[in-house]
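Just so it is clear, A, B, C and D label the chains in written order, and each chain counts residues from 1 on its own.
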């Protein structure tokens, strides 16, 4: 069985959520085990920006009921560093990471990018267009608009304008990673589709925060070095299911559903409300091989 | 670096013994890779991981491998929150999830240089396996808060002690002992693990004396294998290091300071 | 110590979330225990609409990781039924429910109302204005706009228009209960303030859904009789904290913070980011007396 | 209706015994109000309520009070999910939270009318305390799925049995036995508790025979005291009843049908 997604051929329906699996670091840690057991049917890079970013000061993590707040701050080497250092390593790893010894094939690479405006995004897409190692581009629109402070993807009209302005810069499939911090995610998805997106993915993390536990210091400090962060994991699963359902009912392009997936049952729920693929994020932290387990369980659910 | 299998594994608890304020958890791991001193594993109880204070724990917790003997890994636990509490409840025969061994361990001392092991509180754990691995004799300096914690010193042999409450050894900081040692032998190599304040003290003392120091840091971790970028500490000269893959053992020279959250529970 | 809130004098800082404590039913169940141990410093009624509503078909509940999805559907007797049947019973119960035997005083009643447009809301506010038993009105703006399907409170401009249009209909303090299902809750709060609200309260439940667990029936049915529902409880606490923080930083009127509060520590967090009062919702289901425990713990935190 | 104290209370488990596929949980409650037959309590383990499948349970669970004897309440548990599983793990000496007794119980049969108790599976629980309370002899008809569950019949005395798998008594439905009984004595009053399908069968049989029936319903509950409006069943003629405060025992005459989710686990 193979799955078609935006013209790519995938071995199964489970991929990773951007920023939740660093394949280069994982290869250093797990080496051959990662190569032979590569769990994702496509690999999504963490978000790449034009300029390098160091990310937020620590602490960057807070454990919440059934979830995790992260305030990582999108550390990355910048576009040039990514293309120069990471892309060859990823291409090498993904080149023969798809499946058991006999039928190994390349795992498609989806590069996730973020820019503050159409100008920046255009430059990112153009650079991706040049590189054969990249199979598709995911556009993270959870980037705060400099003027409003809101995510540029939170307003359907703004989102439509941005996607329309950048759409022509690459012929590769363009996935728009929606923000869940909005009143009407289905309207945003529809706007992305109308502007030419080939797929949408959701949900990204829910805006959340925590205070430092020591109650003695006043005024109390936020725990996270970055101030606020985003909630992921089981706690957001039922919110994700509602948003994916609403989006899938509104658009005709494929939907990548994610948010709190821990087992095939959760993946099945997302597929049953209309997702084509499912992404695993935070659960990979608990077990790096969880996505592989989920993909196998999903296949036996489908057969059984 | 020892290579970890690519998946968490269900291992069986073989023992849980009290050691003063601490507990020593033993886990059967006959097929696991032999860890290097300073490496750690991400642990979670296989059953009921969650449902504690604030519905936590949810993520696995990092624990230094304190010893690896006869196909068993030993861990030193201090009950300071929902994760360590749940692990402390485990009994022989129960299962836990383990991912590892992970991270960069201690580098052996160059020939002829004396290893000076400095530990504080539950942070002494990785120094035990380090001592096991050293061929030459080493000096061990351990600091503890109080008498129930001093019991942890049994994990290493021949330790000189310092305590905050004066209940054993030097009444004061373990870094006082360190300064004293370095004054006599500035040719040593320091290996340290403990609370952030202690590690910062060790770093400063060693920097002044120009003694190389390897610090085993801690940080809140979600994954332990470089995936989340959550476990960072600032690197001297800018940017961040991931404690899980660039550490936990980090050369003191690449740090400006040891920050507030980068150590073991005080 | 007593707390001032919109001109009302409250015994402490803990009230209930609308729709999470039916004082009339609780009195039938607990009788004297409820009277003498009444846990809330003010009592908020469940949402009242102009016409009676039966509510949604069952199932109405789904247990999620660290939380609860409800799809109750705002059952209520309608404005007339409420004023006729419930108000006298509430006034009787609350009249002497405040505190230990010696210093019992009335617990203020806040009536929560919802209408589909300014017309409906005006009629609700006018009716409340007539009744001395009602100390303040809370306006639930999580009512779907008939045209867009979105909550009328999800868009700051729409919210401002509605609140401005109805504000004059009552002289009682007007609390606007914001919807969290929006891109910029602080902008909504500011809009409510500018339109004349005396306070805002948040967060209401996050839109969420679940599918029936039996995977054999295809297409799978939603579990909830009402289709989708709202998530409450510990799972939403860190989202609530971020929203309350953002709102309190933007408005000068008092803020009632709620979402997943289970103990004084959680209440303290909300107060520390700027809330004046804290409301307990879902935790009352686990223990009807939890708000009283939280209020006591909070007082000893403040003293200690 | 017995009045419940206004707060959940921490009670101590005094016993947990297997009864075939079920368990009987005993809890010391010397100071609690004596429950009426058919009332229930909202139970949660005091420790580790959560952390099971899908991080559940979170809310307490409703359990019929199966017996109240010598200051102890007895509950009949069937492990069907994360809440019941956690409760089944409790051992003597451990604590649980209990709110209750809650709800409207069974009304005693009018003088001279025979009580006909009809139970299915774990739903037999409230019939035991009902039998304890009846002064006159009653007829007891119990249906079970299989042999391990038939063991539950020991909770009541003198029961006639029906089983789905024919392992004991009548091979078929307990409603078959009920029809037979009613044919001989239409002057009975029926008291029933069990899976939704069984209750609907009982309702239909009794409606046809014009025999009054009191049905102890179930429903997903968040609170148990009327606060959440989550536990409703449709009322004949429109609108809904809250099972927790208007029931759990409801006169069959006010129901059009017993709906899919309104019974015990089948």
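Heads up, the rule we're going with is that a residue touches a chain if its C-beta (ideal position, glycine included) is under 8 Å from a C-beta of that chain, and two chains touch if they have at least 3 such contacts.
Model, not experiment: these values are computed from the prediction.
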item	value
Mutual neighbours - chains that touch chain A and chain C alike	B, D
Contact-richer chain pair (by C-beta pairs counted) among A-D and C-D	C-D
Cα-centroid distance, chain A relative to chain D, in whole angstrom	48
Centroid distance [mean C-alpha coordinates] between chain B and chain A, Å	34
Where chain B and chain D are represented by their mean Cα positions, the distance between them in whole Å	53
Junction residues of chain B, two or more chains touched	50, 54-55, 58
Multi-partner residues of chain A (at least 2 other chains)	62, 64-67, 234
Topology of the chain contact graph, where touching chains are joined (line, ring, star, complete, other)	complete
List of chain A residues in touch with chain B within their complex	19-22, 25-26, 28-34, 37, 46, 54-55, 57-68, 70, 72, 75, 233-234, 282, 284-289
Partner chain D, residues of chain A touching it in the complex	65-66, 234, 262
Of all residues in chain C, those that touch chain A in their complex	62, 64-67, 69, 148, 150-151, 154-155, 181-184, 206-211, 215, 218-220, 228, 231, 234-239, 241-243, 245, 260, 265, 268-269, 272-273, 301
Chain B residues within the chain D interface of the complex	48-52, 55, 58
Residue numbers on chain D that touch chain C, as the complex places them	1, 3-8, 44, 50, 54-60, 97, 99, 102, 219-223, 225-234, 238-240, 242, 245, 259, 261-262
